[in-house]
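Here chain A shows up in two complexes: once beside chain B, once beside chain C.
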Partner chain A sequence: MLQKLFRGKKEKRAYNGSKLDGDMSKDNSEKIDSELTKTVNIFKTIYSYPDNQDVTIRNIHINGLNKDGALLFISTITDTKVIDEYVIEPLLKNQDSEVKIDDLVSVPSISKTTAIADICTEVNNGSAVLFVDEETQAYILNASNFESRGIEKPENETVVKGPKEAFIEKASTNISLIRKRIKNENLVVETQTVSKRSNNVAYIVYIKNVTNDDIVDKVKSRLHTMDVDAVQNLSLLEQYIEESHVSIFPTVLNTERPDRAVSFLEDGYVVLLMDNSPDSLVVPATFWSFYHTSEDHYLRLPYGNFTRVLRLFALFVTLFTSALYVAVVTFHVEMIPPDLLLAIASTRELVPFPALFEVLLMEIAFELIREAGLRVPSPIGPTIGIVGALILGQAAVEANIVSPIVVIVVALGGLSSFAIGDISMNFAIRLSRFIFVIAAGVFGMYGMVALFTLGVFYLVSIRTFGVPYLAPMTPTYKSSKDTIFRKMLQNEIFRPGYMKPKDMKKK
Partner chain B sequence: MKIVNLPCKLALFSLFFLLLTGCWDQTEVEQLAYVVAIGLDKPEDVKEGLVEITYLIANPQSGAKVGGDEPPREIISFSVNDFINARNLANTVIAKQISYDLLRFIIVSEEFAKDDDFIKWMYDATKATDFRRDLRILVSKESPSTFMQNNEPLVDKRPHKYFDLIFKRGKETGTIPPGELFSFYRITESDANVFLGVYATTEQEEEGARQEDSDQIIAGEFDSSGETNTTQFAGSAVFKEGKMIDTLTIEETRLSFLLSNIFEKPREILTAMPDPFDEDYQLTTRIQRDGNIDMNMDLEKEKPTIDVTVPIVLEVMTNHSMNNYSDDVKKREKLEDSLEDTLTQKFEDLIKKTQEEFGAEPFGWSLIARKEFLSIPEYEEFNWMKTYPEMEINVNVNLRIDKFGRQIRLPDLDEVRD
Partner chain C sequence: MEQPQGRTGGKIGIKEFVAIVVIMIGTKITDDTTALLFKPLLNAAWMVPVINGILAIIPVALLMKVSTHYENKDLIDVSYHLFGKYIAFFVLFILWFIGFCFIVVDTAIYTDIIGTMYYLRTPSIVIYGLLMFVCAYGARKGLENIGSVAWTVYPYLQASLFVTLLITFSQGSTNFLFPLFGPGALEVIKESSFTISIYMDILYVFILFPYVNRTKDFKKGTWIAFALIAINMALALISYIMLFDYHSVAMQSYPYHEALRTINFAFLTNLESFIFPFWLIGSFVKFTAYLYINLLLFAKLVKIEQFKYLIPTFATLIVFLGLIAENPAVTMHQLKQTIAYITSPMFFALPILFWIVAKWKGEFKK
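Moving on to the complex of A and B:
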């Protein structure tokens, strides 16, 4: 069915891929030779043997059958111990002259193929290939062993209460982490190759009888239309499949928590995984998924909603404090209580810059500290904090470059910005903050209100994989109303209606 | 022609958009001189049509870490056409742009307030956009410039804070009326009531000292000594038809509060009342109006009558005659009757004063009376201001004693002395 759907695209792709046709390894028609030395020579050329250090060709004589054979594998991505114990040893020690090769070798997965291209793919994926003299097919023995680290705690999405496993750079482990949470045959993991030269594979995970087919098809078609040589990981893939590439609001959610990915899967979303990515992509992502954290649901209802209120407050503080200060001080003096007004006026008396410039100066300084703190090697990290706070805060005030109130305002906004955990939304808010400050400096409160209105217009207009960005709030959909606040778990009955799930009711 | 790409166009558009439409002529906070109070007076020996304006300007630097030794205020007086024109003229002396953003008071000298032309200048405030409608009108016995210069609070030196606190406290204790500018306009234009402005002075009267009743005083009559400010805020200035005609004492101001539904209820009126059990002593009471007053009007008659029921809740705070009221129902009844009579008498005296001396009432009863008429022309025909002095007004006090202080019982003095 899929092939039918994408036939048009496929043809285009075949045309574009023509540059690779000259590559010998990719020629599907070419088969291996029944003469062992010839076959081995073909592969020696393909893999630049012996210049290529980790490509190993092991010639063996199979006792009993009395045939010559050759094993081809890349030693760095293959489990040599498995090859040694379960392939080479049985072959050498065999005495039986009637036995088949399939029965001799005791690795868990074995298959046969004739095409050179297929063999290359398997070898590149860590399998060992056994060629036997006078046979026209090769045995592919699965013994791949890519290096990766063990499962660790999440670094960016930390929680106090709840599971503490995070995705790692190995997709099979990540799928295992998901399957551990959804023990159901309807959980489907499809693969799709997304790049041509590096053959990177993306895993499309969804629950067959929940997720709407249209959304799965849309995701697949987006992956299919990509025309690139290499996509290393999901952070790059995200940028190929997202809705608008220049919009400041993210439309694809990146999460490193398997429990979070699973909760989206259960609501009918599609999750993408890839090797080399210690995270997963959730599509489509609405505004609310960036505002929520998994802990909101792990905490009891009042506590969870309390953190939501705090986060919402932090969001608005980040967006508006600096802008509000600029607007009020430059245009709306009569709004300030007399005591505060005189306090502001007295601190501003010695400052040489207008309020707008003063705030921008501090904001940029804050962003600089933040960026520098992120990039600084960890041994000198703590120094940055002290230098930043002391030099820029205290000294700037004492030198009358900025007024103390501005330091408070900017620090408050800056600190609050950390409450928005998702890095993409964090950037979106921080960037909008600058626009708000400028709008406030030029047009005062009027500018802020106008910009906010425009911003809301824009938010409402965004669609991601056909889903409105602010759904289910605007437009309204049948859902569990998990937006600003969450409900009691007992009352979260429905899956989000905008996902058009095959099974609407959760309970 | 070279085609400019979209981002470039957008950048140019936003640049011109900001440059052409932005408010680039705004003034930063520190470039403004904040006027807290404006004084209005009639200058001597100057031609007609001029007024003497006094600005009381707050200094933001006062008390600040840097430059904190600067004085908290600046006062400047000069003759000018009006206080709108004055903003520019003041800049011949004051370095910063004059701002009325912090303006809270208009101080008028008693002499100017009693002038027929006074109202003409008051209406200037309706013209300027940055005049707040809740400015307070303050009448000073002396000229505003003298008032401001003499007013030197020892502790709350910053003028805006000082005035804020004085007025907040005055409102709570009922010693001064709210005196807001918008009600001045409303009352003047509806031509049915009198307006109460705040009365204040910095000059203490020598002979007025030691009044028999400590509440029967206006500003200047309060005899205080010690090391403090000489400014006194007490009582009200009565304005009829936009012109000051008389003053009300602290007690009369408080009674007006109790008799009116439009004034906010003062929270703690502490006052002394005669003790029915011992003439030598007085009882200190805390009086509050217990809800709205009830008015029963019969305006159809030849001589219109109004029955006013004032609900009062009262707390007896002192008891120098050492009577234990809580033990004796009869004593309590006697006390209640006596207090009711005293209050009724005071209300009647005040109403009589307003009828005979002012010819109009400050209580805002005309607003209640409007409901008695079917149409505005009928009400205007009735002419409240003209009819008021002729009316028969019966005051009935509905008094409830709330409690007798924190500790109800007092020891028997004879036993203590035994």
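Moving on to the complex of A and C:
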């Protein structure tokens, strides 16, 4: 229906030959007419009334003032109950002839405007507009009511201990979730329109007296330079503002947890919100922000660091197990103790493929199970598990296509990959794993180390919004040193220095 | 000169600086440099890094005094300032050429180590090519990133060496260390001074002076790195003697790798493949730093602003020059020995010359 609405608008504009182009807010030259019927007719043309199903124009006679008026709104995105009770009813029942319209209607927010373009923007955002005969101003009554779901538990970033609220697809709710956590007048929520035709708005959230102005400006200028018709949500916006579009490492953090977004805000980062996105973007993101989870800090120090160690271990296991197996079996057999070597050799005896091929086969099979499991409709979901485990694991071994040890190696790597929670980093690690396997197959350990060195050189050279990717580890900055391990909360005194916050000390 | 983007406009901190220097020079202990020491000095070879370290304090301190006297001027600018256009160019060109020879010789030797110790059937050109590819990539990233990488990997490299040394000590015999002075105390001192060139690379470190955050950091960093290198070298040499005795160690080209093959730990009978990756990372970073510094010097000499584009060319050139030698373990080692004999007096004399000229010109009074 909305699509139809926009399409209709576009055609009519072309027909009118008016200047109302994609970006309506830029053109404020056309004003409404003081004659009510003319004004209403203009808007009837713009909104393709009455073809457009949900566009409502309600003519009313304002008692007392003895004037005609018309109310324009889109019924599907406006709270009709509010309009009934607080706009139409007071207008109809009024007896006072001296009262102003502002004092009559009792919606919380009311403003006046004359430009047709502004009125359109407001109506498209769910406001109702009241035209009154013989007046050159229109009253904009804020009563928007977009449909969305209620606040639910986070789906991807689950924690055992800690808050269990997640962002939803409504930006105003998300801002409220943030404001609930930072009750301070310095928390600023700016808006910027990022697309021309659909007028999608991004909310730039930061703490005025903490966040460095340069970073806010950089974010704004990136948003400003975007030249697109529509950006539906943050996942798409992320790809417009990120540093390198082809790099396998993410430079913008996506989090669905308000508490996590807030902890970044408090450290001087900038958070972006948008309607239709059940998450928030944190810029700039360093490598560590992908490695950490919010629970690391909710758990007590030893427990939190224990999970960090596990995650680091999982990261290395994911990256290197398969590659190491290929390298060892192909080039460095002397590495393994003889008993184990014989065990491996005996299982590989009947397998006709080289180790590299064998491992790649299983890796791809594993990725397939993973992808298929994600896309499969939930009623037939369990089947995938059975097919995957039974056929690919058991049968492939029995058919001598792969050796049992490869199943263990790949399963271990696959399992560990789930410990890296962030989806972007998860992809980065999984993709790197394939490159490592191939490097190991070609050059053994030498290839792996060469690739690793190249990777480290690449990682340290990444800059996201001017911030080095591995900061504060290297280059060193004054910070709370929350990198591989976290410190005691009492000792986390400083905000990260690479963000150049206006206030360094947290405590 | 190009300035990599970042916090300090391409400058590095003390940690990064120390890491670069230690990795650059400290890794010598894992190649054939040791053979230069064991042949004349037998079981007293481990004293060389210490004695030379003490001797080398003089030239390093003098050069430090001259070089840090001028803020924001590196060794190159200082020499132009002190010696004038032509002599300075000549001296620096020699310095660059020696540095370049070192890179060719050393990369050829490292390729030989990888080839003979781990990859017997892989052609040298492939190993060499990959080695220089990684180094060229790293060098292109600029000093700030080289520093970051060096600092990121340094703790692990040091730890791996430490573990190796610990195991080697536990499996060696202290009796091999005696008689303490080997061929005689006087002989030790005399022969040590011939091989002072093991610290020659410190000269090149002075080129990095304007790229270190603060003068204080540079001074402190150089001394810390110097001490770390001397300690690491001495300990490693002791461990080789303890494990092999002086006679057999003198016959080995690469005692570090032989030691890795000899030692075992718990159920792991072969440790070399576990330590090999760390050593490799060290080698990559080492030659990246060498390549970068050498090209920095070259670019300054011939006044090239964007020397980034020279890196792949030089890397390729190094591969083909390094491949000329049929048997690097012998020929390159000979070459290295010759260069060492030539450069040892030079390393000692050049800083003194710098200092004398500066003093004579009355620079320190300004």
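Couple of notes before you dig in:
Quick note on the criterion: the second predicted complex is superposed on the first by the 480 of 507 C-alpha atoms of A that agree within 3 Å, B and C clash if a C-alpha of one lies under 4 Å from a C-alpha of the other, contacts with A are read in each partner's own complex, and residues count from 1 in each chain.
Heads up, the rule we're going with is that contacts are C-beta pairs under 8 Å (C-beta built on N, C-alpha and C of every residue); 3 or more make two chains touch, one makes a residue touch a chain.
Please read these numbers as outputs of a predicted model, since none were measured by experiment.
When the shared chain is aligned, chain B and chain C each come close enough to touch A:331. Within the superposed three-chain model, A:475 lies in touch with chain C and out of touch with chain B [touch as defined at top]. Of the two partner chains placed around the shared chain by superposition, chain B is the only one that A:348 touches, whereas chain C remains out of contact.
Looking at the shared chain after the overlay, A:444 reaches both chain B and chain C.
Contact with chain C, but none with chain B, is seen for A:452 once the two complexes are overlaid on the shared chain. In the superposition on chain A, A:147 makes contact with neither chain B nor chain C. Between chain B and chain C, C contacts the larger number of chain A residues.
In the superposition on chain A, chain A positions 331, 334, 338, 443-444 are in contact with chain B in one complex as well as with chain C in the other.
Interface residues of chain C facing chain A in the complex, by the touch rule stated above, are 4-8, 12-13, 15-16, 114, 118-119, 122, 127, 130-131, 133-134, 137-138, 141-142, 144-149, 151-153, 267-270, 272-274, 276-277, 280-281, 284-285, 288. Contact residues on chain B toward chain A in their complex (touch as defined above): 18, 21-24, 26, 28-30, 32, 34, 58, 60-64, 66-67, 99, 101-102, 104, 130, 132, 158, 160-161, 164. Remark: chain A residues 328, 331-332, 334-335, 337-338, 443-450, 452-454, 456-457, 460-461, 463, 466, 468, 470, 473-477, 498 touch chain C in the complex. Within the complex, the chain A residues that touch chain B are 329-331, 333-334, 338-339, 341-351, 354-355, 400, 438, 442-444.
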